[in-house]
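One structure coming up, written as structure tokens, with questions to follow.
When the chains are written out, they are named A, B and C in that same order, and each has its own residue count from 1.
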Amino acid sequence: MNTIIYIVLQATVILLVAPLVNGIINKVKAFSQKRKGASVFQMYYDLLKLFRKSCVVSETASWIFKVAPWILFATSLTAGMLVPVTTLIHPLHYPGDVILLLSLLALGRFFMMLAGLDTGSTFGGMGSSREGMISSLMEPSILVCLFTVSLVAGSTSITSIVGGMQELGTPLAKPVFILIFLAMLTVIMAETARIPVDDPSTHLELTMVHEAMILEYSGRQLALMEYGSAIKQLLLMDMVVNFFFPHDQFLMAGVSGVLLSLLIYLAKVILLSLLIAFVEVSTVKFKLFSIPNLAALAFILSFLGFFQYFVIGGSHV
Amino acid sequence: MSELLDIFSVLILLSAFVLMANKRIRSYIKTFRIQSFFIAAAAGVMGWESFIEKGHVDILVVCAIIVILKVIYIPNLLSKVYSNLEYRVEKDFIFNIPLLILISCGLVVFTYFSVSTVEGLNEGFLNKQIINSVSVFLMGLFFMISRKKAIGQIIGFLELENGLYICAMFSTHGMPLVVDLGIFVDMLTAVMIMGLMVFRINEKYESINIKKLNRLKG
Amino acid sequence: MILLLLLIPGLSAALFFLCRNNKINHIINVSAASLLLLCGAWLTGQVIHSPEMEYRSLGFFYMDPLGIIVLDIVLFIGFATGIYSVSYLENEIQEGVLPKTRCRLYYGLFYLFLFTMILALTVENMGIFWIAIEATTLASAFLVGFHNDKHALEAAWKYVIICSVGIAIALLGIILLHLSSIDALSEGQQLDFPALFAKAAVLKKPIVRLSFLFILIGFGTKAGLAPMHTWLPDAHSQAPSPISALLSGVLLNSAMYGIMRTVAIVNRCEGGSQYTGRLLIGAGLLSVLTAAVFILTQKDYKRLLAYSSIEHMGIVALAVGVFTPLSLFAGLFHMINHSLTKSMLFLSAGTILQKFHTKKVQKIKGLLRTLPVTGPVFFLGLFAIAGVPPFSVFASELSVILALFDAKYLYIGGVLAVLLAGIFAGIAATLFPMIAGGGTEEEEEEGEAIPVGEINKGGTAVILMLFCIICIGGFFLPDSVILLMEGARDLMLGL
């Protein structure tokens, strides 16, 4: 019974907060360009608009094209259940959670890549191949990061990991976690298709990766694709925010505790969005063939963090 | 304090990796400056602590020397040497960057396993810091052999000395002061001599690609 | 007195940079070299006649038999080379190869080089020893590249880079040695050779082993042990000949001295010579093998002499590795003989180079005729360095092989003997064609004839003196020398 309440609560929070992140980032980018920019809630309006419109589907598309948005949305939302927004509500947790999370995200990404290829347009194929390259290069880094934090917390279930990190108090004081934090930030930039890996507001053939794959979508399907990507972005940010800035250790259970915790969580997410926006504003998009170098950088950071855990030790010291 | 030293030692190792991933000579010099700055900061922390506890100013003196020599003077010297050379844009390293990084990771793991089997190297104060230091040393060596330009070799040599210095610092609080001063003077002279030689090589060979230095064989 | 030993080269180097007149520079050179030799003789006397065979001064300098042997070699060969350099430089200036002003650069760096080497051999602190050895690399860098052409520059760059990296590895070893002694020694005494040796049994064994490995690789680079020898043929063949004599005869010894001291400490700590023995014998054998392979195919006689240095240093390493009283005595004896013979050979090679203007063996003919004194001496010197009786090198090589058999290293002794025979064959085949021939009528008609006669009077005298010493050394050693060598041997064994 409790589990169902938790699931509903978590789903509501995720669905409500996900578009907000995009809005904040776009607003900050607009400010940096001395424009007023669209409203922070613009994405909500966009999604509502898109849900009411009908879809135009190419004649050469197969069932994959129609199914992919639903799969992406479903996998993202399910994965979102695995990452608790606050440890006071834990909807789903199993041992080996971490791997399940990554697999779900990979499933969604796989179908998105297939959908890009499905319509037979050149932009889609190009986007899919680029996405394949980038994501396969970034996988090792995020795997190593997650393994390190699970080593520290002594468990592979994300809820327990967050609980374990809470016991450390301020994880960022240890060099191990500084490195993992930086590595995860780099991976987030890649996974969520942000500068310096991919520009989310461009439609130029030279520079688009994620946008290329969803170029052919319209109406409700486009809304689902965008929503799925936004949820994925939120849950990656969730992981960073809850691993490295845990806040629940000071709160008590009970409805007021949960509400307070959710408010603090919202604040953390807003701050992280500001940080991401700041990074986006201050760098440029890399050449496609420099992405392996960036992936190597993320890998060094995560590898060093993993390694320093053995050399220096990072837990309960 | 020990945590602060841990953070510095990790940052130094990180800067060694970043140095490996650099492509241009100006960025080598910049990254070397940053690495030396971290070393000076770690020396400063250690020196401050030893000053408060025992009243020795040795390590603080050494920290000051590192700042003057390795953060300010030697990078400037190398920049001047480089700016007087003919500028040719060519690829400086023999493998590509991700492969270099992977090999460096391999070196770090190798150091870890080698040092762990030697007893007595990782007790108490040391806290296995020597692994980071010897890794920086090995990466400096690898940097030297993976670059084609002569200045790359000089920077690799300097990184090697950096690694040695942090090894000495973390394991034994540095060598006796006289020895430390001598080491710095030696290193400074070595860099000056190497810089002069790079000039002459550039004059005679029209480039600083050391693959061209292969006339003496057998 | 040791201060005087250091002051003389230091002051001379400074004087050279001030004085521009070449004649005065030559005079300063000769007088400084002679003074150094006199100081060395006095110091040797002090060490021999003092009760524990030691000489300490100012709490900083320390001389014992091992150090004094190597130091004497330095001073003696420095003296010989200094006298030789006078005419050598004059000839070079006359031929126009060397501008007049570079003469004082040569002398200045020469004496700086001597200063750093004397410093290395007279201090008791290992850290300062390391600093001085690194300084020798730096001081001799521009001496190696003195001719300033492409080959010399390449040789100098290789020399600086490889030796600096090697020495840095040795520093890692010294740091580890320091680490192992932190609990055992008081603050003022850490890194002192005698103190480390005395307390060797309480140092932490695994760290000492690791540090020995690094020190062997590091100082082995400077001593020319394979596989770190790659700078040696280039540097020794491209440097001006007197400098080659110094590098071969003196610098390699100083590095080997460092290895010997460390071996003594490590063996005392381990309580046996198994560990160091294996490493040193391996390195030594590899060096002799490498030298043998390359000597068989050499076309440049100075390079051949350089490879021969590698071979002999390998033999010394072998002797030190075996670490029995006989082998240690033989090793020290061999070090002395090799230095004298090799410097004599390099000085003769310098005269030959000035006469014939080529380094290639094929182009030289009729050595005995054109250089009546240096020619035969070079010829006989080649016999000597290849280990032929009745010269001193034969005596010491034989002692080393005997020591190997005595210590039950039968196969290694056998392999060594075969390799030495191979090296003799290589030297004979390559260099003996230089001796005869020439002076034929076709050559004189074509105007290619080389004028007969010695060109370097002072140098020839020095070469002759060295030759006489190595002739006698095979049969007779003065008592004081034997006393010193036995003292050094006992020092290393810890008796």
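As a working rule, a residue touches a chain if its C-beta (ideal position, glycine included) is under 8 Å from a C-beta of that chain, and two chains touch if they have at least 3 such contacts.
Values in this document were obtained by computation on a predicted structure and should not be read as measured data.
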Steps needed, at fewest, to go from subunit B to subunit C via touching chains: 1
Greatest separation from subunit A - chain, by CA centre: C
Whole-Å gap between the CA centroids of subunit B and subunit C: 31
Whole-Å gap between the CA centroids of subunit A and subunit C: 67
Between subunit A and subunit B, centroid-to-centroid distance (C-alpha), Å: 38
Multi-chain contact sites of subunit B, meaning residues that touch two or more partners: none
Residues of subunit B touching subunit C in the complex: 118-121, 134, 137, 141, 144, 150, 153, 157, 160-161, 164, 167-168, 171-172, 175-176, 178-179, 182-183, 185-186, 189-190, 193-194, 197, 200-201, 204-205, 210, 213-216, 218
Contacting residues of subunit C [partner subunit B, same complex]: 125, 127-128, 130-131, 134-135, 137-138, 141-142, 145, 148-151, 153-158, 160-161, 164-165, 168, 171-172, 175, 178-180, 182, 190-191, 204, 206-207, 210, 233-234, 237-238, 294, 297-300, 303
Interface residues, subunit A side, partner subunit B - complex: 173-176, 178-179, 292-293, 295-297, 299-301, 303-304, 307-308, 310-312
Complex contacts: residues of subunit B adjacent to subunit A: 3, 6-7, 9-11, 13-14, 17-18, 21, 97-98, 101-102, 104-105, 108-109, 112, 127-129, 131-132
